[in-house]
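Chain IDs A, B, C, D, E and F follow the sequence of writing; residue 1 opens each chain.
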Amino acid sequence: MATVRLLSDGEAPEAARAVFDDIRQVRGTDYVNHFWRALANEPATLAQVWEEVKTVMAPGKLDPLTKEMVYIAVSVANACSYCIHSHTAAARAKGMSEEQHGELMRVIALAGKTNHLVNAMQIEPDAAFRVGEED
Amino acid sequence: MATVRLLSDGEAPEAARAVFDDIRQVRGTDYVNHFWRALANEPATLAQVWEEVKTVMAPGKLDPLTKEMVYIAVSVANACSYCIHSHTAAARAKGMSEEQHGELMRVIALAGKTNHLVNAMQIEPDAAFRVGEED
Amino acid sequence: MATVRLLSDGEAPEAARAVFDDIRQVRGTDYVNHFWRALANEPATLAQVWEEVKTVMAPGKLDPLTKEMVYIAVSVANACSYCIHSHTAAARAKGMSEEQHGELMRVIALAGKTNHLVNAMQIEPDAAFRVGEED
Amino acid sequence: MATVRLLSDGEAPEAARAVFDDIRQVRGTDYVNHFWRALANEPATLAQVWEEVKTVMAPGKLDPLTKEMVYIAVSVANACSYCIHSHTAAARAKGMSEEQHGELMRVIALAGKTNHLVNAMQIEPDAAFRVGEED
Amino acid sequence: MATVRLLSDGEAPEAARAVFDDIRQVRGTDYVNHFWRALANEPATLAQVWEEVKTVMAPGKLDPLTKEMVYIAVSVANACSYCIHSHTAAARAKGMSEEQHGELMRVIALAGKTNHLVNAMQIEPDAAFRVGEED
Amino acid sequence: MATVRLLSDGEAPEAARAVFDDIRQVRGTDYVNHFWRALANEPATLAQVWEEVKTVMAPGKLDPLTKEMVYIAVSVANACSYCIHSHTAAARAKGMSEEQHGELMRVIALAGKTNHLVNAMQIEPDAAFRVGEED
């Protein structure tokens, strides 16, 4: 499937190929995955998203593996198949063990369960949880 | 709002009060938050969910703060207001700094953005990301 | 909150008031709830939605209480606060006991949990579950 | 995949074939796509949905291309693969250029990002944004 | 696709095979579907989820077919393809007729529609719908 | 509610106040809404998001009102209350008539309905809708 074409190196506009080159250098691999080849149809968007990914996913106050696991969590709740596949692979590449993956899934599953319970009961947050009361 | 009543200690059935007592002891506080008081209408469910929370959120291959951040990530994507409030408070209680919270939000926001981009383009996962091909 | 005004009987256009009258007669109550008063800003939409609700929620191959519980289930997963409130009230009015409500919440919570587990693992449906294979 | 069979012209009940004929005439093509062939298992639902699509998607105060882009936006956020495919094709058939598609994706992606940021921070709407305050 | 391997009987750890055996006995079939084979990578999770499914989906104050339809409803709203396939098959195995399935889809579709309408208008729940007002 | 404080001009760090100033100038109003005051806790994120909003929502191949309606559509499907309020207000400020708003809601509602129908039936996209077939 797909609603846009995945562009090969030969098909991609020059501005997109420059991003491909940076992806290859930063990641230390010749492989450019589907997401970037699809975005190559829009070189300006490709460049903006790649910059944002580099900035946000870099080591900071959270380590890169924690960030990948948070990314997986959001993608699971949003049912984004591609994102779940690519970030699970990325997390493993950054050292996530199978036991950690299993534990991650249990947390995600529990959150999914209690999110539904809470929504069913429509519970209001306790006053103690509210930081920024307005008005 | 709410579709069920929040039960005070006096109103809760004995089986629910026993769970309240365990929550107090495990957490080292007298305060029992709304979620448990709402679940107290169903003591068996209350007991099951509390056991699952204790087991899954305990230190393991992932540390408790990482688990809270994953929980927040799922809850944000599922738009569960109560869950976001309670687990953001829990993460702070477990040591999440404001800078870490800011970085967590940037990762969640980026995942939300790329989830939508990927869904819009309907990209299939690269073969390299697929672990368990069936058939 | 709200992005449109809730129209009183005096404010509603005549076409909307006619729908209000039908709601009152069918439901045997003088009370017209917020949803319909908001839709009254668009009388044609109000009339269409009310007709669809009457048709779809009427007794058929599924009984009205089962339909209300299905409605709640969808609304919980979609985090629609108003819908959860109104259809939980409707289910109770149609005879849902508190024990049934508790059991409904457990099923919804379990589905939420396994939906997240399955999405995390990206499992393909077994051949035996596929009815209408195409191409 | 699929949980129901796609009915060919020969398999579809007479009431469904009549809708197929109207689809062909309105759209000026002999091709009837999967959605309608799946709904043909329920001819009354098929007829109702087709009428609603014809009415709602017709030119009105919004032009048909704008409507298709709104449809895509909802479908992306709901992760409905079929809907994204079919309405992206429809938007292109109604004149959406690739540059417009690229811009549409950027708006959808930005909305996905800020939706997640806002949910993470649980911000209450400004008083100025509230039109229909109740009570 | 999939992010974990589906384990055959020969590959599954002994603790997982014991759960497979219970699944076979309870369901009266030799077939163990993909979900359980994927969870077999985490035998403790497999055992916990299977126990929960047995308990929650058993006959109680709601009959098993009603529970399956509620499960389908949640899974549709969460866009969980595997879950929709497996629980639609389970509902049919428990006696859901095609006419009931058609009616179930109409209720789910109507709920999806009104959930979106209500969210667009951001309507607050009527006071009469609120059971557990806090503070 | 809220999980972060809304910062007044006096409380905001200097880098955030500079963004507030640009917001005021670009929008021609002294009012800075809650979203930006919440983001002010993270001045770098505030600056990045404001730049992205200015760039993406500017007139381009799609006009600003169309973009606001697409934004509303995504926000409704994601159940983001604040976003729905703020972008409905923005769309009205950019000229959306009440009749256009009513029509927008009908399209969003129809998409919500058919998204659920399609997900329930798990229909695969027609070959004619697939642009970028991989492998």
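Note that a contact is a pair of C-beta atoms (placed from the backbone, for glycine too) under 8 Å apart; a residue touches a chain by one contact, two chains touch by 3 or more.
Everything numeric here is computed off the predicted structure, so don't read it as measured data.
A.B. asks: Using C-alpha centroids, which chain lies at the maximum separation from chain F?
C.D. replies: Of all the other chains, the one whose centre lies farthest from chain F is E.
A.B. asks: Tell me which has more C-beta contacts between its two chains, A-B or B-C.
C.D. replies: If we tally the C-beta pairs in contact for A-B and B-C, the bigger total goes to A-B.
A.B. asks: Using the average of all C-alpha atoms in each chain as its centre, how far is it in Å between chain C and chain E?
C.D. replies: Chain C and chain E have C-alpha centres separated by 19 Å.
A.B. asks: Nearest whole angstrom, what separates the Cα centre of chain C from the Cα centre of chain F?
C.D. replies: 26
A.B. asks: Which residues does chain E have that touch at least 2 chains other than itself?
C.D. replies: 1-4, 6, 34, 38, 45, 52, 74, 76-81, 84-85, 88-89, 102, 104-106, 108-117, 119-122, 124-125, 129-132, 134
A.B. asks: Specify the contact topology among the chains shown, as one of line, ring, star, complete or other.
C.D. replies: Per interface graph, the chains form a complete graph.
A.B. asks: Which bits of chain D are touching chain C when the two form their complex?
C.D. replies: 1-6, 34, 38, 48, 52, 125, 129-134
A.B. asks: Which residues of chain D touch chain E in their complex?
C.D. replies: 1, 3-4, 41-42, 45, 74, 78-80, 132, 134-135
A.B. asks: Name, in rising order, each residue of chain C that touches chain A in their complex.
C.D. replies: So the residues of chain C in touch with chain A come to 72, 76-77, 79, 81, 84-85, 104-105, 108-117, 119-122.
A.B. asks: Write out the stretch or stretches of chain E touching chain C in their complex.
C.D. replies: Per the stated touch rule, the residues are 1-4, 6, 31, 33-35, 38-39, 45, 49, 52-53, 56-57, 60-62, 66-67, 69-71, 73-78, 80-83, 85-86, 88-89, 97, 99-100, 102-104, 106-108, 110-115, 117-126, 128-131.
A.B. asks: Can you tell me which positions in chain E touch chain D when the two form their complex?
C.D. replies: Interface residues on the chain E side: 79, 81, 84-85, 88-89, 98, 101-102, 105-106, 109, 116, 121, 124, 127.
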